[in-house]
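In what follows, subunit A forms one complex with subunit B and a second complex with subunit C.
Our next item is the complex of A and B:
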């Protein structure tokens, strides 16, 4: 009896300690984004929204934020469309070397972002493509396409095949089957792939850093802010970035997983 | 005859669906890799890159101590991080799976991995707030009178390891938890019925069955950790450089593409070796 109570106590203290470790940096980041003073470290002088005001008045940061949203939404859309089509082709038709094709599509997932970025950088240099948000977007599609393909491919079961066959028998053309029958049925996993891709692109640094020049994304802009050391303004913009990521995941949780859970 | 033509038509249509994604992967992943491999065999003359088609860069890597050291620093950090993360994450996943009531488990898990979704840059900066010379830990300890001089916490390997462990504890908790809840409870009941005590059940039944989850998480940790530039750069500083920092240094200061690509290929070979070891081990476990 005593030992079981002791082990219970031990479990809960361990849980509390690990949660404290996991949340410590985020708590410090958010708390001191409200710091009324020049340094985001203890003692806490009092709360102010001054730094958030400065973030939203900073035109460089705001344009970086716009760039990030554009690249994230654009690259996620392209990755999802390409991934969905490939998954549809490979799951519904018998193709030669389909294992090899699947392997090729998944392959970028196993390579460090740094290497993908460096490969694209040397290739763009060699071909003479100048760096811009487009090249960043291309890089982000490369890292998100395997994810989208894998998620959507995994959810294409045989039971949907029969419904698609029925639609075809009733005279639907292939593109109609795909857009009006398959896509709605697979919507939860397509949305999951989309929102995950948006989150990954939104947070990604090294590809965005190496493949951009004048217009940069938010993580790259934050990186250049770090040179000035600890600053409550950096806390404020970091908190905004974190909040957007959490909001994206909340959307994912609410509209995707709730729906599948209900079924 | 009719079926054959139908099949070819079907096939052509199928290629239409798959080709765009394949082309994208070939154009922006396979070809860049080939270009990178080719450039690693080139040499730099002034600002020009001349194709030499030899392995001089690779030989230089093994001869120059500061380059080779980058790989060893990276490997040491990665192994330390993987080990500590597994040791910290396993009990956490176990407590969430076993002690937390069923209906709160999903919530507990989401909470445990929430900071996972901060970007690398922001997360490392947050740790800098905690560990810096005038950061949260030092200021609190001085305020409490425990120390009089600030401790050297940031710009050390310890800081890099803490930053990494924070991230990978979350990742590993997820993979290990997934494995723990998949395990049928009957296995443990059977072992207990046959007279095993709590520790024996864990050691002989639970742990072996969750090893795949540990290995998958550990492999992900390895790949993401050894290829990361941000965490060692922000938290570790320039005292000792990890391999990705050495790669970025070749690019930034000297625009030495041949050496940067050489180092990247070496990094990739190391990851591939880790993958082969991992896959082999998992296959051995299954048979």
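Our next item is the complex of A and C:
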């Protein structure tokens, strides 16, 4: 009896410690974004929304936020379209060296963002493309395409193959099969890939830092704020970034996983 | 719409494996054809050749007199009803049925009206706004049929469409399928491995084995006058009694068997020469005719080994007196009393006995349908 209560206690404490380890930094960040004082360090002096007011009044932060959203949505859309086309081609047709092609498509996942950013930077300099939000977007497509491909490819089963065959049998041309049958049928996994890509792009720093010049994304703007020292405003903007990521995950959960659960 | 189909010398090989071996078949417009055979017999390959999902290694396929050699599935006057239904999961039933018409650029109002008309035909008019996952297996089946018929194909190809349904529903769908086929008049080519299903729905059955056609004919003919040992055993339970043709006159064939000499009328057994190896194929229910009038042949006495009651008949195993190693299966009347050890007379109407060329691979065992 006692030992079972003890082991129960132990397992609960383990769980609590685990979540504390994961979420304490975020909790501290969010807590001190409400700090009534100049420094985001203990002791906590009381709550205020002053810093959030400053964040939303800061035009540079706000334009960076807009840039981030644009890059995230744009690059995720492109990555999903390209990933879907690649997955459809490799899953539905006999292509030369398809194993190698699959491997090459997924390979960028194993390369660090820093190396990808350096490679792209060299390439852009060499080709003569000047750095802008476009180049950041291209960088984010490079890192998100393997993810989109892998997620969508994994969801293409033989059952759907037969459904596509039925569509062709009923007179659909290949592009009609893709747009009217395959893509809608795979929508849960396409949306999952899309929202994951958006979050990854939204949080990404190194590529955004190295491949941008005048217009920057939010993580880059936060980084330049941090150079002038910690203050509760950085915590507030960090909390906003976190909140957007959580919101994206909730959307993902609500649309994607509820749709799949229904089937 | 409807059209005849003509398959000439179609062969399909996959590497070293010959799935279809020089098959020729003429199908009339509006006919309900069933391709019947065990798995791997080539029936699904033949269906895929008709649908255009495979192209023949050699030979030609014509639908309505036009060579289908280079015609893609989308452009053929055929549609397929798939075994797993292959409905579009994200569309309503109305959109599923209207899909083929949409691909043919039929306007929205017109195609929806047509879709609802077909859903009405299969008894699902009120469910037009539902999605496929809300339906039962039998209902999905009906939607798949309506979708395939919506584009008014000349030929409907059915790839074991009833395989996933339970027995009762399958029997019900068979009746519906046959009724709908008669109503729309489209040529139906239906693949199955279930010989009861084949007999229930077919105008003509095509029995296939190892890539070749074994037998073609009406259900009655295939069952009662099979042309090969395979066809006889695949269509249902049968006793094979091997023998040798002793003599053939204008009117009578005399066959020597382990159960004595048997005389059969010659008129429906042409083409046999004396001393050739033959097999008597006898359905278990034909032993029932042991009383009554008319011509009779007898295979001597047999001892009852065991019996079980099947409702419509007793199924009994018998050991012939002349050859105790052989087991004969017979169906006895409902009212018969089956006592193991009792002796019965193996009496038959000679016209019910089928004479087939060759000997079965296991002559002393009964063959049953697989």
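Heads up, the rule we're going with is that the second predicted complex is superposed on the first by the 262 of 263 C-alpha atoms of A that agree within 3 Å, B and C clash if a C-alpha of one lies under 4 Å from a C-alpha of the other, contacts with A are read in each partner's own complex, and residues count from 1 in each chain.
Heads up, the rule we're going with is that a residue touches a chain if its C-beta (ideal position, glycine included) is under 8 Å from a C-beta of that chain, and two chains touch if they have at least 3 such contacts.
Since the model is a prediction, treat every value here as computed from it, not as a measurement.
Once the complexes are laid over each other on subunit A, subunit B and subunit C both fit without any clash.
Shared-chain residue A:249: touches subunit B; no touch with subunit C.
When the shared chain is aligned, no partner comes close enough to touch A:9: not subunit B, not subunit C.
Within the superposed three-chain model, A:47 lies out of touch with both subunit B and subunit C [touch as defined at top]. When the two structures are aligned on the shared chain, A:100 is found in touch with neither subunit B nor subunit C. Residue contacts after overlaying the shared chain place A:145 against subunit B, while subunit C stays out of touching range.
Using the contact criterion defined above for the overlaid structures, shared-chain residue A:22 touches subunit B, although it does not reach subunit C. In the superposition on chain A, A:39 makes contact with subunit B only, not with subunit C.
Which of subunit B and subunit C touches more residues of subunit A: that partner is B.
By the document's definition of touching, of the two partners only subunit C reaches A:167; subunit B does not.
For the combined model, the angle formed at the CA centre of subunit A by lines to the CA centres of subunit B and subunit C equals 100 degrees after rounding to the nearest 10. With chain A used as the common frame, the shortest Cα distance separating subunit B from subunit C works out to 5 Å.
Comparing the two complexes, no residue of subunit A contacts subunit B in one case and subunit C in the other. Against subunit A, in their complex, subunit C makes its touches with residues 51, 53, 72-75, 78-80, 82, 84, 86-91, 99-100, 103-104, 133, 147-148, 151.
In the complex of the two chains, the subunit B residues touching subunit A come out as 10-11, 13-18, 20-22, 24-26, 28-33, 35-36, 39, 88, 91-92, 95-96, 99-100, 110-112, 114-115, 117-123, 125-130, 132, 134-136, 139-140, 143, 166, 169-170, 223-224, 226-230, 234, 244, 247, 251, 257, 260-261, 264, 267-268, 271, 275.
Against subunit C, in their complex, subunit A makes its touches with residues 159, 162-163, 165-173, 176, 181, 184-185, 187, 262-263.
Subunit A meets subunit B in the complex at residues 8, 11-12, 14-15, 18-19, 21-26, 28-29, 32, 39-43, 82-83, 85-86, 88-90, 92-95, 101, 104-105, 107-108, 110-116, 118-120, 122-123, 125-126, 138-139, 141-142, 145, 149, 174, 199, 202-206, 210, 219, 222-223, 226, 230, 234-235, 238, 241-242, 245-246, 249, 253.
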